[in-house]
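Here you go, one structure.
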């Protein structure tokens, strides 16, 4: 049984807490959060202790850490955990500054500990099946990838001021998805954005609607379509065109009921947001991390993957500002 | 070029007039209808003459007749045309009285003329594909057939008083479809009905909602689900279950546009009624009849088929009254 | 925390064990099964004890019993538990003999204990939504109900010899579904069956393919379409036609990936069988039973419902044998 | 009755010939084609004459001309017809050289004759419905448009040498679609392409796979996804995201039959190519042109629209070569 110290008792920390507690090889050992009420509530629910960062890092009973705290604490916590020899699961991103990311990954490497970066969508059964079908040759060589990612409704403008902006907090998942599906790193990137959804987001210096185009060494290309607001739930789809046809991963709808009447045939909306849509993905991701903890697997999604996704986000911002395609 | 005399200038006559006029081997030679304004209008539109029944039957320039007049005139017109050696296309039914049907078919046989009975749905590309895929072995042996046929809205109660009732005017198409798909005649039939849609239909002695169950010599079974009113367009579907899987022929929707929003994902309704849904079927049916006219084919849908469908309708009425399964 | 004694450590017992263990108000207290290896394995997995029937019934720590043992033991266990004042969850059916069912229910009534009969499908989110939308008036008055229930592959012929046959072990769920959706008891029933899937089932005196037609006091009707083998997964659908339109509950597919190519557009099959399709239903059903245990609810699905479903199964068998519609 | 002179007896000329002949207000008066066998065959089929260009232009019985000849003849024929006062329908493009297009349009203007440029997709019922629903406010303000256009299989490399290349012969339809749906002209364009489908196309100096991103004055953006080969039929879709939700125009499939079996649920492919998919569009487009001929309407799709679409194609080529976003 592996004991896990969970940093961060917020929304995403709570998602992981369930999976840690339910997995037969892991237990939620401790919760660390500067907001003590949150830490206490979560710890109590799963019979865990509340620890300080220092206690958790120093505790020899802690086998693994799950870092789901504020973004700007990730790199420091990774380094502390790495030096203490813990196996590390860190929510994306490692850091918003790529130089800091590289330093941090060097520390991880020097301490030779496994680091898994939580790009949860790689574990969505739909997207994973697309990748597996591509690998199995079902559509021949990949040619064009279309990624659609639209949130149900925009975050507060306050959030985008600290998140690093849309490309770094939201599109970063799509950059990783493109790399995951295509199995190669892009050689060029172009990004175009607009502030259509909430003027406050524009005032905060960010966009809320975007298209990105990337080209890969093989000649294949990918586009990403993003919006901070769909109006109809969480829109998470991919289309992969290859030599012999198309693979699509469609949305999962809230239910399978339809009403047919005078005004047409009405089906349910896509599942509301990531907690619903990626429930299976969070569980599968944790299963993989347990394999890493147990030495049965290497992290499929590493610090390098986190770094590359951030690099693409940074390059997209550069392209957005310059109107130029950025070479990578 | 085959000259066609069209009996009946009403709604269904007009459907056929277009197809006769557009086919490169046929021309609309004359229109016969006791309602002369209708006959004149239709004739003028296609450069045809207006004739009386006697003139058309006696006219050696008439190669084929299309009988789309009132139901109670069909059998007489068939006999006149048969004696005059014309090739005959008759809308279903031959007659509402099965003894009269048999007499009429004997006359046709004695005169050795081809008679095609217009069960248009056999020429719907969806249903035909199901039958062809069954014949090609794609689902193995047929086991269960489900036929759904629901009109968009009920006819006036006046109509059901002269139509022979729902089983004889509406379900008769489904009886024929069951025979067409299964390729065998049922050995038993049970029918249950209800008056749910329009109380006036009930007062006229008829039902407007029904389920029918038939069993075939092979052991396969079929059910028919009918209503005089869907509320969402013309509902025309079949499901055929076999040893290795299922074939479904779904509705054709009015268009391929969807709107996704707060209240769900809205697609278009099924096409409104038979003029829309069976447009392709009427054309294909006429192509077949031209092959019959030209001696290139025997009628795929014969007087015998018309008789058998009526027999099933009569037996369904008997079952409805008695609460007993009727053996055939 | 309510302690639950689970009778039966087989497939369905294991499904319930997870839900009992995971629910925050219940714990799996003990497992009872004459096959001790099974009982031990299941008990060990959830930290429960193994008890004999007598021990469990006599144990004052047992608050509720879940009866998932062999069918012929249900009625006896219900009576023992009722006399001991336990709250009872019993998998359908109470018993295959309706007289025995009635005796048993009388005992339950005399002891004034809650009895919930586990018709799991009532808790499927799709079917429940259909019922709720009907109640909310979304399609007006119900007119026609079509229930499709087809298993992926047939059980061994040995099973049908002890199960009471298809109508009593499989269609019984559909009889209950018809009553659940329509909210009334049928006044007539007709059943037709065939042995198409496995000749051994025929030799065992049973059918494997069936259509059933029922009529309700309101004039509404329902049909059930059954097969012991679909060839494409577990086919569980309903269609409810009303005055203003149609509600459909469609199958849940294994995933949301499609492959488009030369041979068409290929989507996933329906989820394989009841363990997958009704996973959410089993959880929701257990939530309801916990409300019963806690006195917050009466059983929504009672001994009476179990009796009525069996009565319909018995009447269907009678109709199948006689070829007559059976009045209820 | 308006007499039409048809320039070009090839594939697209034949599509128009049917619609000219079937329309009750137009007749196919003459066919002009340097390949006389083709001209004769088409003329004979519809009872038209064969004329030379000079004869047709000089013939006072010719009311309208339909230019469906080789691309490099369009501008000259438009000018001749304009000077002769004919009403003009010209297949896209007016010319591949934008300066020549502008000269030609100046001649048209000077002669004050109506010129309709045949962007057939504007008349597809699906795309038109999207535009009408947008105008009706059903999704609020337009924000993101995604246009998918993929041919079933690539043209011969010979073709791309004379067609002006993919952006000018294929994407030009999508540029027009973007302008049609958004109702505004873009302010920037970026294009990225690849040679993935056929190396011969690459050797001929063209691409066969592309993504294009455009931004509009309102802040809205559009992307186009193209390929010369789908492997699964003609892929013609749009997605329009707005403030309140999404409108999609999906593909029309070859039929409505599905086969469900062990390997999944198989539906038909999209209709094969433009002759099938845009059959209704060609008819509707001709109806509009007849309104223009009769003075009941101005051309909805004018020389200016042709010029703008070509300008976008030229700018996309410039962007493709430079890797820069082009300002418009």
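Per-chain residue numbering starts at 1, and chain names A, B, C and D are given in the order in which the chains are listed.
Here, a contact is a pair of C-beta atoms (placed from the backbone, for glycine too) under 8 Å apart; a residue touches a chain by one contact, two chains touch by 3 or more.
For clarity, every value in this text was computed on a predicted model and none was experimentally measured.
Asks: Among all other chains, pick the one whose mean CA position is farthest from the mean CA position of subunit A.
Replies: B
Asks: Going by the touch criterion at the top, tell me which pair is linked by more C-beta contacts: A-D or B-D.
Replies: A-D
Asks: Just the number, please: Cα centre separation of subunit B and subunit D in whole Å.
Replies: Distance between chain centres: 40 Å.
Asks: Which residue numbers or ranges of subunit A touch two or more of the other chains?
Replies: If we look for residues of subunit A contacting two or more partner chains, we find 139, 230-232, 244-246, 260-262.
Asks: Going by the touch rule set out above, what shape does the chain contact graph take here: line, ring, star, complete or other?
Replies: Contact map by chain: complete.
Asks: Where on subunit C is subunit A touching in the complex?
Replies: Those residues of subunit C that touch subunit A are 22, 125-126, 129-130, 133, 138-139, 244-252, 255-262.
Asks: Mind listing the subunit C positions that touch subunit B in their complex?
Replies: Interface residues on subunit C, with respect to subunit B: 139, 141, 143-144, 146, 150, 188, 190, 192, 194-197, 209-211, 213, 215, 219-221, 223, 225, 227, 229-232, 235, 241-246, 323-325, 327.
Asks: Applying the document's contact rule, which stretches of subunit A touch subunit B when the two form their complex?
Replies: 230-232, 253, 260-270
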